[in-house]
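For reference, chains read A, B, C and D in written order, and residue numbers begin at 1 within each chain.
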Amino acid sequence: MCGVFGVFNSKTPAEDTFYGLYSLQHRGQEAAGIVVAEYNKAKKKTLFKQHKGPGLVSEVFRDEQIFENLSGYAAIGHNRYSTTGASKSNNNIQPFSLTYRSGSLAIAHNGNLTNSRALRKELTEQGVIFQASSDTEIIPHLAARSKEKEPLHQIYDALRQVEGAFSIVILANNQMIAARDPYGVRPLALGKKIDPATGEMAYVVASETCAFDIIKAEYIRDIAPGEILLIDHLSVENEKPVSLYLPPVERKARCIFEYVYFARPDSFIFRNSVDKVRRNLGKNLARESTVERKDKEKELAVVSVPDSSNTAALGFVRESNKLGKPARFEHGLIRNHYVGRTFIQPGIQSREIKVRSKYNIVRGVMQGRPIILVDDSIVRGTTAKMLIKLVREANPAEIHLHISSPPITNPCFYGMDFPTKRQLLTHMLADAEHELGNVEKIREYIGVDSLKYLSMQGLLNSVPTFEGEECSYCTACFSGDYPIPITDATTDKEEND
Amino acid sequence: MCGVFGVFNSKTPAEDTFYGLYSLQHRGQEAAGIVVAEYNKAKKKTLFKQHKGPGLVSEVFRDEQIFENLSGYAAIGHNRYSTTGASKSNNNIQPFSLTYRSGSLAIAHNGNLTNSRALRKELTEQGVIFQASSDTEIIPHLAARSKEKEPLHQIYDALRQVEGAFSIVILANNQMIAARDPYGVRPLALGKKIDPATGEMAYVVASETCAFDIIKAEYIRDIAPGEILLIDHLSVENEKPVSLYLPPVERKARCIFEYVYFARPDSFIFRNSVDKVRRNLGKNLARESTVERKDKEKELAVVSVPDSSNTAALGFVRESNKLGKPARFEHGLIRNHYVGRTFIQPGIQSREIKVRSKYNIVRGVMQGRPIILVDDSIVRGTTAKMLIKLVREANPAEIHLHISSPPITNPCFYGMDFPTKRQLLTHMLADAEHELGNVEKIREYIGVDSLKYLSMQGLLNSVPTFEGEECSYCTACFSGDYPIPITDATTDKEEND
Amino acid sequence: MCGVFGVFNSKTPAEDTFYGLYSLQHRGQEAAGIVVAEYNKAKKKTLFKQHKGPGLVSEVFRDEQIFENLSGYAAIGHNRYSTTGASKSNNNIQPFSLTYRSGSLAIAHNGNLTNSRALRKELTEQGVIFQASSDTEIIPHLAARSKEKEPLHQIYDALRQVEGAFSIVILANNQMIAARDPYGVRPLALGKKIDPATGEMAYVVASETCAFDIIKAEYIRDIAPGEILLIDHLSVENEKPVSLYLPPVERKARCIFEYVYFARPDSFIFRNSVDKVRRNLGKNLARESTVERKDKEKELAVVSVPDSSNTAALGFVRESNKLGKPARFEHGLIRNHYVGRTFIQPGIQSREIKVRSKYNIVRGVMQGRPIILVDDSIVRGTTAKMLIKLVREANPAEIHLHISSPPITNPCFYGMDFPTKRQLLTHMLADAEHELGNVEKIREYIGVDSLKYLSMQGLLNSVPTFEGEECSYCTACFSGDYPIPITDATTDKEEND
Amino acid sequence: MCGVFGVFNSKTPAEDTFYGLYSLQHRGQEAAGIVVAEYNKAKKKTLFKQHKGPGLVSEVFRDEQIFENLSGYAAIGHNRYSTTGASKSNNNIQPFSLTYRSGSLAIAHNGNLTNSRALRKELTEQGVIFQASSDTEIIPHLAARSKEKEPLHQIYDALRQVEGAFSIVILANNQMIAARDPYGVRPLALGKKIDPATGEMAYVVASETCAFDIIKAEYIRDIAPGEILLIDHLSVENEKPVSLYLPPVERKARCIFEYVYFARPDSFIFRNSVDKVRRNLGKNLARESTVERKDKEKELAVVSVPDSSNTAALGFVRESNKLGKPARFEHGLIRNHYVGRTFIQPGIQSREIKVRSKYNIVRGVMQGRPIILVDDSIVRGTTAKMLIKLVREANPAEIHLHISSPPITNPCFYGMDFPTKRQLLTHMLADAEHELGNVEKIREYIGVDSLKYLSMQGLLNSVPTFEGEECSYCTACFSGDYPIPITDATTDKEEND
């Protein structure tokens, strides 16, 4: 996954982008970069400057001097997440900046193109050279080969040819362009920020609205699925950016997993509060929950895996009590504040010490009690297993694990960093009878007294609906129902992940 | 404040100490160090090796190679917190290691000596030279000048002469010594760890028990106030460390602020669960609370300042509901996981961006509602003021700020990093009538609809009692009642802080 | 300027390339990179791995772990020199590696293309995007668009289209290609290295033969002007690399400045010992020299500016004595060994402290004596001026500055990092009468008693001749006679320098 | 070995000291530090600030910000050389700064105390604690225990008790003290610098006069053997520093090896030009030289090992020709400019690649010729052996190795970093007949056609004489005649080296 950010007509575009990326840090911790557009008086045109590097935003932009070198009026930025060695190459750190026949271009992309292999092959045969392994590089190549003269139309041409999930921010000379695929898989929001000194307005674009909050920008609306939005000095003056629209597709396919786990709870995603959706997930989980307790005397404690499941757990407790199933919310697990990306584990290089370093248990609130542990999802299952082992040290009477989403049964080809099918816990525990592993086997593997997943219907009941849309979400990871054809991606999954 | 850790008879003493310090990171973020004792076969004696540096534990010990160079059988470690420039000198990073007539010595200290100025003067007049500005250096000087032959008795001699707060771990040749001042101001716990492979036992000593949990050590008991505990290979064999005791003092003076804010909630401090005490603080706050709401229709939301006030808020809500004052717990503020020590703020170098970077608001749960915001304490008031400004952006109907401790009116001379009296908010808002600023003025300054502090009696009702003790706690920061004479410290406060 | 290196069929290609680049460090100190070709058994094809970064070779490749990650059988490397800010972008660090229709390609280039602007424009119009500002990137673009199928022929096609100076090493899948422009401007040598353990032969290619010496490789011959040499496993087996030849040009244009200053004295350049040529320069300078000494009693001391002018000074002294003009060689200036690239100058950020930090004077050998100071060339004149000021502190009776080459009057468009015409000292001191500044004015500016440049004829008499060639050298910087048309370079000089 | 520097009454004491240490870099590459004295107006007294670290001066003081934090009016600095692991501890990096009864003290020391073990024992028994393993720490301890009140007299008291070699610079509150042992083993010079803007004078003290040149200071005189010089604001005003003198000793013992190899040729050491002495060494070597050439036809080339032997080789050639033994000076070896301290050698971690990386051969001037290779000394012999192997690659007809000093037969206990006796080549090649290895065996080991050492008499004839002194030099490393008793040092040599 990745986070993208853009700002236009600011006096401190690099600083704004830094804070934007900083608040989008959860979307990608491996690398970060900022490209700034500055008007060069001598050359009478806009020139780009950039700073990129591996690591957290605060590590890559540690020196204040970097910002002195990044003055300008507009900027875009990117947070990159990636696990495979190959992609650690600096060549792959975004935004990509380049020059082509119409001038300078820089691009930051969140998502995954599903016809990248075919397009890459086609372009390659025409003599195109690729510097990075990222599929993002395809887009500027297509734009550069368009017969259109305006960057906006070139980008339109390019985006018509790509398939898949993309939320994109582009700097093209003295313009900023933001675009989102017609399915609307990844989020992208538009905001504005008023300079307190001058009263001038800057447009901002970000993966999540939490990036607006930190710089005191205001959320205007989402970039619509299929929209290509042009922001330039004229749009700022008129307060009216221009939009083109990609040909519509049959359905929408917003990533439901953004609500389940990925987005920050204080963000608005797809026009709705993430926190509120997670509360609904908890409520619906409570409605479906039927915990068989061995010891019915002791009060049931509900413990969330912080911080992603806090709200769901709270929603669960409230609904549970409303339904006459008493349960109390407890902070039984505490997240360590000092876990950083560069953390090393001398001696015991295991996942166990990782879990122990990340979470601390509060014994008193769990000891001797039956507990419901609320988590958002299980992917590989290894962390869950270790976490349960840790919780067991507090001697709870029973552990009932509740997952606020259905079992993950399929990989994501639209940008979420899931492992291959083979590495999903559901598959590892598959058997003759149960293609995807039965829940009982998973329960046994993880080592809990009972295991409850939210049903697909419960999930769908929890997320907002969109008027006039029959189908609004992509639920492929839970259902295997892939809304966008994945012509080549399937086989690539392992190498390009 | 600082964190100390020690381990004896381990195969991986540096690794154990690393994880111990890592879990004590909240006690000091400025510098960290480890000294290891290794038996040198060629020289037929124990030699010390060390690694120290400024920064977080995970930064100072980033390279795995450091651990390869730190093999041995015992180790002590130290986390240092300090804000003033002077103390950033590497000379001040602990543990201090040195050689003296009886061999090698290394010392790690949490606390503050109150007669350090007098002792330093006396020693200096005798020709002693000091390399660091820390008062800790006094202790080995006194030990080296003792007429005793055994390090244990030399240390006893030294500690009889110092006054103030100290929890100390020492390596002296092939022995480890742990000691705590007779007032018991700072915590210090003893534990043991069984090597899963060999079944051998290692003793561990730490400021808080959370340092035991991470390395799967077991909490045995606290080092008693005034106890000097000797651990060597014989004590390991017999499972019986030897203890000396400093002359008893009239009262005990455990730092009550460790319970209020400083210690980690999952630790046991002074034999009791920090989490449980904080819950009591919340309960008692609920009993004392009488919120005058303007709009009595809307449900009251209780929001905690994460993570330190989570438990108090939970206790508050539960008790409040029990008392028939309905209120619901909400996660209205979320703590950013990526705030690191090395964070820089380009452009706006204000406390505002610091607060915005650290906390995110969840609008939905606060918007339009009257809220009670629960925080543990107010020191300077600047952060509280900015936080309230941030919370206001979520448009709560009313903000009632509840503090789970009384107003801080006096500086700490026993190790807590409070500012000078002048910088405390209570003093800044003093006037003719109210020496310590009246609550109304503070409320106004911070900008909330109402402000409620827990009463001193409420605080004392929340903390555990100790049999046979008339007075168990130091409450000086709230009451001005200093249990240990502060002969020189008062005037020093500003420079040595 | 830059240094290039390549090795094929070695067991330690990255290490060989490291040492090669290390000995070519004088050709470029700003950045360094290595691309390694490794056969991947699983994928049954050669894959590339790379490491690049800003700084000296020893800085970029500081960690031994880097080499562990760079195993393979072939490698190419590049040292980059550049002074302008723009080019410090990491995008510009070579070798460039990329994928295109025929697989993987990596390229390292020394030189400068003179029709890059036109080609770039043409390519851009065809939809090509450029990631770096370097002209090198044009070559793989042309190759990728060639209709040929074999990389060798694609490269041939590409190089037919470019004009200018280029010495190039390329990795193309499992082949290495080395090429030199038809004018032969920049040097490029072929060597071989026998593995002492296995007896197997590796081919090596380098800008200068000093890169062979350090890894105990043997110099075979130069890559001929216009030659495109293919090295693959078959050529290693047969000990016979295959060559194609670019269409011949009317004349050759070896850079005479490589002999004057740039190349290392222990290298063979254009088949001849650099040291020997420099000695000739000194000899011819002695023949032309007619120093008017004020004090004819005292012995004349000849002092060289170390280390580049040492040999010329030695040749000068010997010839001078032979001609009956007695003079003695003295080490009057010593070069500081610890001057590094990262050197900072607190306080006085001037060129003066730079010169004082780089050179030390030995007073005794100059005091009271008339001296001839031998230097290789004067570019801007600022360093020379400061150096003379420094030498004056030793109180020589007279300073006669002898330059072992003619005045530099024109910028280089073929890769040498000269400043623009305006910044050359000859131009700065121009007047109505003397377009290029007269020698008298330069003498006065620099502050010496007399100033003598070697004549153009003296220069040409000093360098080796090549059979059958009427014109063998480019002397443009001294004569303004540019052998290769500079269609666009002139105007670009300032921005792309 | 080490370099020391001090400056008093400068506006840029840290910058001056930086450049001073930079020019003394050859005296110690392992660590560097600066302590600055600044008058604190608020506290009405001088306070010290420091910056120290491992590495070259330019590495330790890389950031300009360091200098911003080091403002003041006086400073001392230290370069440390050390090879053993133990001494890499940061605790050992000088200057040491500390507080004691009379205020603040900082000390930088070049040399080695020979009664440190006894003094340390005595102090330790009195209860003194030591933080570093360096013998330097003894001096402030002795000073702090003196009954005198003035730092100058305390230092006098302390230095009366220590034996061995010491050249010391001290900051004591608002005074600077420079001292040299009565034997005068290590050099120490006094200079002055006039501020060009204000005309104010600053005193400077340095191990070698080259440190004066770089900051344009003027050499006044040497600190005399046994002198303790006090510089304060009064001495600056009067231009008259005050001196005390330690009790005189029977003889002087200036380190003759400073002239042979250690000091920089452009320095004045012991009042005389190092360059001139080295020239004398070459001359006397020529007088003693009787090369038996196989091929008497070919001209004899004299090649020096740069840069330390350049002058000796020049002196040799001149004298040789004068004596009718024709020989020509040649630059046959070139020193690589980019060899840095942090250089790593991937793959072949041998001394061979170290030598190959440091020196390049110029084939043409040696090929087929008989050569005399002039080097200053042979210690372990391993580098010499590898160097000869390298020179052989140029195919000289014969190699006659001339060493401009006698064989090193004994370790140094006064500060030179020689290995233990066992590791000296002379000892490794000892046999029954020749206790110190005969020259023939050494010749064979190193692999040259002949080997000639300068005689002891030749050495003594080359160095300056001092009026009224019967014995002026320490020649212990060549003669075993140790001028200062070495009560404990001998046995310590191996561990403390």
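Simple rule for what comes next: contacts are C-beta pairs under 8 Å (C-beta built on N, C-alpha and C of every residue); 3 or more make two chains touch, one makes a residue touch a chain.
Quantities reported herein were computed from a predicted structural model and do not represent experimental measurements.
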{"item": "Intersection of the contact lists for chain B and chain D", "value": "none"}
{"item": "Rounded Å distance between chain A and chain C, as computed from the means of their C-alpha atoms", "value": "49"}
{"item": "Centre-of-Cα separation between chain B and chain A, whole angstrom", "value": "37"}
{"item": "Intercentroid distance (Cα basis), chain D paired with chain A, Å", "value": "61"}
{"item": "Where chain D touches two or more other chains at once, by residue number", "value": "none"}
{"item": "Pairs of chains found to touch, sorted by chain label", "value": "A-B, A-C, B-D, C-D"}
{"item": "For the chain D and chain B complex, residues of the former touching the latter", "value": "50, 52, 89-91, 96-101, 105, 124-125, 127-131, 133, 140-141, 144-146"}
{"item": "In the complex with chain A, residue positions of chain B that touch it", "value": "12, 14-15, 18-19, 22-23, 25-26, 56-59, 61-64, 67, 210, 213-214, 264-266, 273, 275-276, 307, 310-311, 314, 318, 328-331, 334-340, 342-344, 346-348, 353, 356-357, 360-365, 393"}
